[in-house]
Amino acid sequence: MSAHQPVGGKIITRPFMVLSVLFMIAAAILLARFVLGLGPVTNLNDGYPWGIWIVIDVMIGTAFGCAGYSVALLVYLLNKGEYHPLVRPAMMAGLFGYGLAGMAVMIDLGRYWNFWTLLWPGYMQFNSVMLEVALCVMAYIVVLAIEFSPAFLEKFGLKDIHKKLNKVLFFFIAVGILLPTMHQSSLGTLAVVAGHQISALWQTQLLPPLFLISAVLMGYALVPFESILASMGLKRPMETPLLAKISYVALIVTLIYLAIRVGDLLWRGALGLAFTGSLDALMFWIEMALFIVPVVLLMKPANRIKARTIFISAASLLVAGSLYRLNIYIIGYHPTAGGSWSYFPSVTEMLVTLGIFSLEVILYLIFVKRLPVLHHAPTA
Amino acid sequence: MTVNRRQFLKMAATGVGASLCTTQAQALQRETLKVSPDAVGMLYDSTLCIGCKACMVACKNANGMPVESTDVNPMWDTPLETSGETLNVIKLYKNGTGEHKDQLDDGFAFMKRHCLHCVDPSCVSVCPVSAMTKDAVTGIVEHHKDRCIGCRYCVYSCPFGIPKYEYDKAFGQIQKCQFCAHLQAKGEIPACCDVCPTGATLFGRVDDLKKESERRLQAKPGDRYVFPRGKFGSDRPPHEAAIAQYQEHVYGLKELGGTQIMYMSAIPFDKLGLPVNVPDYSYPSQAEGIQHTLYKWMLAPAILLGGLSYVVHRNTQKKDDEKNASERRES
Amino acid sequence: MSDYFDEVLTDLDEYIDNLGGVSRREFMKFCTGVAATMGLASTAGLKMAEAASNPQRPPVIWLSAQECTGCTESLLRASHPTLDQLILNAISLDYHETLCAGAGHQAEAHRLLSMKQNFGKYVLVVDGSIPTKDGGIYCKVANKTSLQHLTEAAAGAAAIIAIGSCASWGGVPSTGPNPTGAVGVSEIIKDKPIVNIPGCPPNPYNFLSTVLYFLTFGSLPELDSKSRPKFAYNRLIHENCERRPHFDAGRFAIQFGDEGHRQGWCLYKLGCKGPETYANCPAILFGDVGSGSWPVGTGHPCFGCTEQGVGFTKGIHELSDVRTQTPPDQYPGINENIGTGATTAAAAVAAGLGGIALGAGAVIASRLGKEDDKNAAEERKEQESPS
């Protein structure tokens, strides 16, 4: 008997309706995007060819999706069995994060109908970080689906397949750890080639490890964040003791991240830029504060068992990691050639991102209510 | 030469420090690519440019590009920048009253914007599907729209902001100067170099152009100089004019690994919108360095996967055993 | 034979009649025409007619220095008005070496008399450059150097018009080694209003218009920094050139007689100085014979005769600098603003979304806080109850 159970309950609720409307709005805007092109819908331009659809939906979305990766690291690599109840919801978060990121990519691609060329060996360009990211993310979506498939198999009672899958699942779990290690770091390498166009506050050769570690810590932050929201929203008891432990892990990873981040800034002598009073400097300090606040909060062991502290720390870390990515790819990115470029997402652009996140929550609600995703509610 | 112990230690320390620094900077870097001996290029001499825009018209005609008007009343071709509709644009640096050509204060100078055909181009390095290619012989950076997926990584990564996407089309494409490769295939020269009345835009082999630019730098400002027009070494009538007070450098010789389009100017290059204070190595040499170190023959990922598989297998096996044991106990 | 003479004389009579006996209507027409040339309102034409028919004709003294008489010859070929209309009806030309009725001492005496009688009122016209080397001995009239003539005549002049490039800035004589030390009038006379009408020769209408303007309004027309009347010299030849579209399109004649030259393409590559020469040649043309009657129109590059440092200075085939940029030559700056920044709506939506997220977070946090407190209280109770 599985330890996971569907939550049950009505699918169509008031939040569900609101989210659906948001998604429908996004769908209508996307229709315009495909008929008229990217220009009328977005504020993208040749200075800022990547807007929030790429940076928020893909880069930040997949970092959120690292929940599955982060928990798998703990459970399967460090053999911390006590976190096992968190695996399946985390895998699901990963599946949504990556699946919708894939969708966002298809929306944003200027020539989406040529997508197949990525898989055509004759065209593959192995110097390209983008190729590595693309193939890796595609593969990881498949792996996540396989890792999450036991939920379906249990639901539909396909025990034979489940057993066979269990025999080889270790391999997919291993691949599922390898792939994010590769592409989350590569999402950082993507920016290295931008060179001087990215402010020295962010541009460094250490972008790959920084991206990887910040994605891992965002994964560890998302688990308690999601768990608390699910507990409140679905009126389930809190998993506070487990969340306290994972918050501790998040704290450790954040400390490692900050050590590398600050060390790198000092080593390169770029910290002076943080005192220039520019928008870059302001955003840098907000970003750093959002990383440091959880550290301060979680340092005290007594705080770690408080749901509120856990929640605030988790939320802060998620925003911090997101802002780090926004800062690198949009705010700290200064296209210097050809003009004084400016970019701020258009309303329609934001509504599409909102719609995609709405879809994510819609899917989450359907999945947890109908599939064995969440762990047995401990009998209260 | 005698060195006492103290000096020796100091020297050694400095040496170690220096090598540490350089290895740090170069740790994961590949060599910047070298220019092909038969590479073709262009020398744009801002001091010769009269801003007639003949090159812009010729470029549009040669490449079948539409008129792009940014005016309220669209009458003239007035692009602000290169774009999906414009591959080449003459821009104006202007300061104060803008009276004097090639003067920093109260002066003006022209600038020609289009692809610089980098020796080690970012766009080629970053394109996942080989839609950007660099010709091994001529060094021309070409775009092949039929395989392009429109990810716009080339737009994002180009340090000169050259590749442009057609945002206002449902089925847009990347547009950039291809150095009139289609004309060069027919033995002609790029349209802009062909029409330039003053030789400000001069076509030729990169080697020849480098030597020509050196000659211009060595000539005394104010002296008469015979400027070739069209293609370097061709029999077109040259024209004679006074040599300008150049900046003591030719842009593109070393910037970001070098470019096949080179610039000469009387005012500092940053005023013309060219990125200065950039390294002599190319950015792809860094990014590819990291990438190839990590993914050489996929060796590291393969080893990592092996290790991971083993550990995960061991851990899940143990758990399954425990689970089976407990299930047996329950039954 | 006598028949022939009769015929010629009759013709001459008619000719003379036409010269002197202009009908009122025709006279009005030419004045309005002149006003139009200068870009003035047609009412200014009436004023001009009035001024030009004033019985008190203003005295004019015309001095010639190192010149070729080209300016005068050019003036003689003007047809609206003709020179004789000007000098017989509009002004009183008291001295002009080529056109004087008298000669020798008589002419000189008349000049001096006029200068004395009209001191401070007469207009001084100068053509030819003034030699300054070796005391100016290279050009003498009536045993006085041009330098002396000029300084004497300038003293009582109300205004000075320097006609031709020589008088304006030195012209041909000042070129090359400049053996006579030739300079323009403005190099010598510093305390009088001077109008330069450069050109080799200048367009006669630029001179006539300036004179009529002065007669009418009593002041000089608006001048540019080189003291040239703006109505004639404020635009580059390049700007009004009929071949300009070829320049803009990059279609250049490369050799005389080549395909481009025969097609009437731009002559820039042949050394046309239009892009650095200020004059109205392409607008008003020469010789009153219709379109194309100016150098570029005939297929020869502009020589830059009106422009100091260009005409007689630059090589004929040397490329000119392009002086100024006027529409359609608008250039984008090096760093133009491109892209859409934060619009009010977008900023409001972004702020709204951020606010909602922050608000929701705060609500959740406070609810969690209450729960934490409750749990802590329960724990305390549990700890207390067993004891």
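In order of appearance the chains are A, B and C, and numbering begins at 1 in each one.
Here is the rule we use: a contact is a pair of C-beta atoms (placed from the backbone, for glycine too) under 8 Å apart; a residue touches a chain by one contact, two chains touch by 3 or more.
All values reported here derive from a predicted model rather than from experimental measurement.
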{"item": "Chain pair showing more contacts of the two, A-B and A-C", "value": "A-B"}
{"item": "Chain whose averaged C-alpha position falls nearest the assembly-wide average", "value": "B"}
{"item": "Separation of mean Cα positions, subunit C and subunit B [Å, integer]", "value": "45"}
{"item": "Whole-Å separation of chain centres (CA-atom averages), subunit A against subunit B", "value": "33"}
{"item": "Cα-centroid distance, subunit A relative to subunit C, in whole angstrom", "value": "68"}
{"item": "Multi-chain contact sites of subunit B, meaning residues that touch two or more partners", "value": "80-81, 273"}
{"item": "Numbers and ranges of subunit A residues touching at least 2 other chains", "value": "45-47, 338-339"}
{"item": "Residue list for subunit C, restricted to those that touch at least two other chains", "value": "335-336, 338"}
{"item": "Contact footprint of subunit A on subunit B as seen in their complex", "value": "27-28, 80-83, 113, 122, 125-131, 145-153, 155-174, 256, 273-275, 277-279, 283-284, 286-288, 290-292, 294-295, 301, 304-305, 308-309, 311-313, 315-320"}
{"item": "Subunit A-touching residues of subunit C, taken from the complex the two chains share", "value": "335-343, 345-347, 349-350, 353, 361, 364-369, 371-372"}
{"item": "Subunit A residues within the subunit B interface of the complex", "value": "34-40, 42, 44-47, 49-50, 75-77, 79, 81, 84, 105, 109-115, 117-118, 120, 123-125, 127-132, 134, 166, 169-171, 173-175, 177-178, 181-182, 185-186, 189-190, 192-197, 205, 208, 335-339"}
{"item": "Touch list for subunit C against partner subunit B, complex", "value": "247-252, 254-255, 268-269, 275, 315, 317-319, 321-322, 325, 327-336, 338"}
{"item": "Parts of subunit A lying in touch with subunit C, wherever the complex brings them together", "value": "43, 45-48, 228-229, 232, 238, 306-308, 311-312, 315, 338-347, 350-351, 354"}
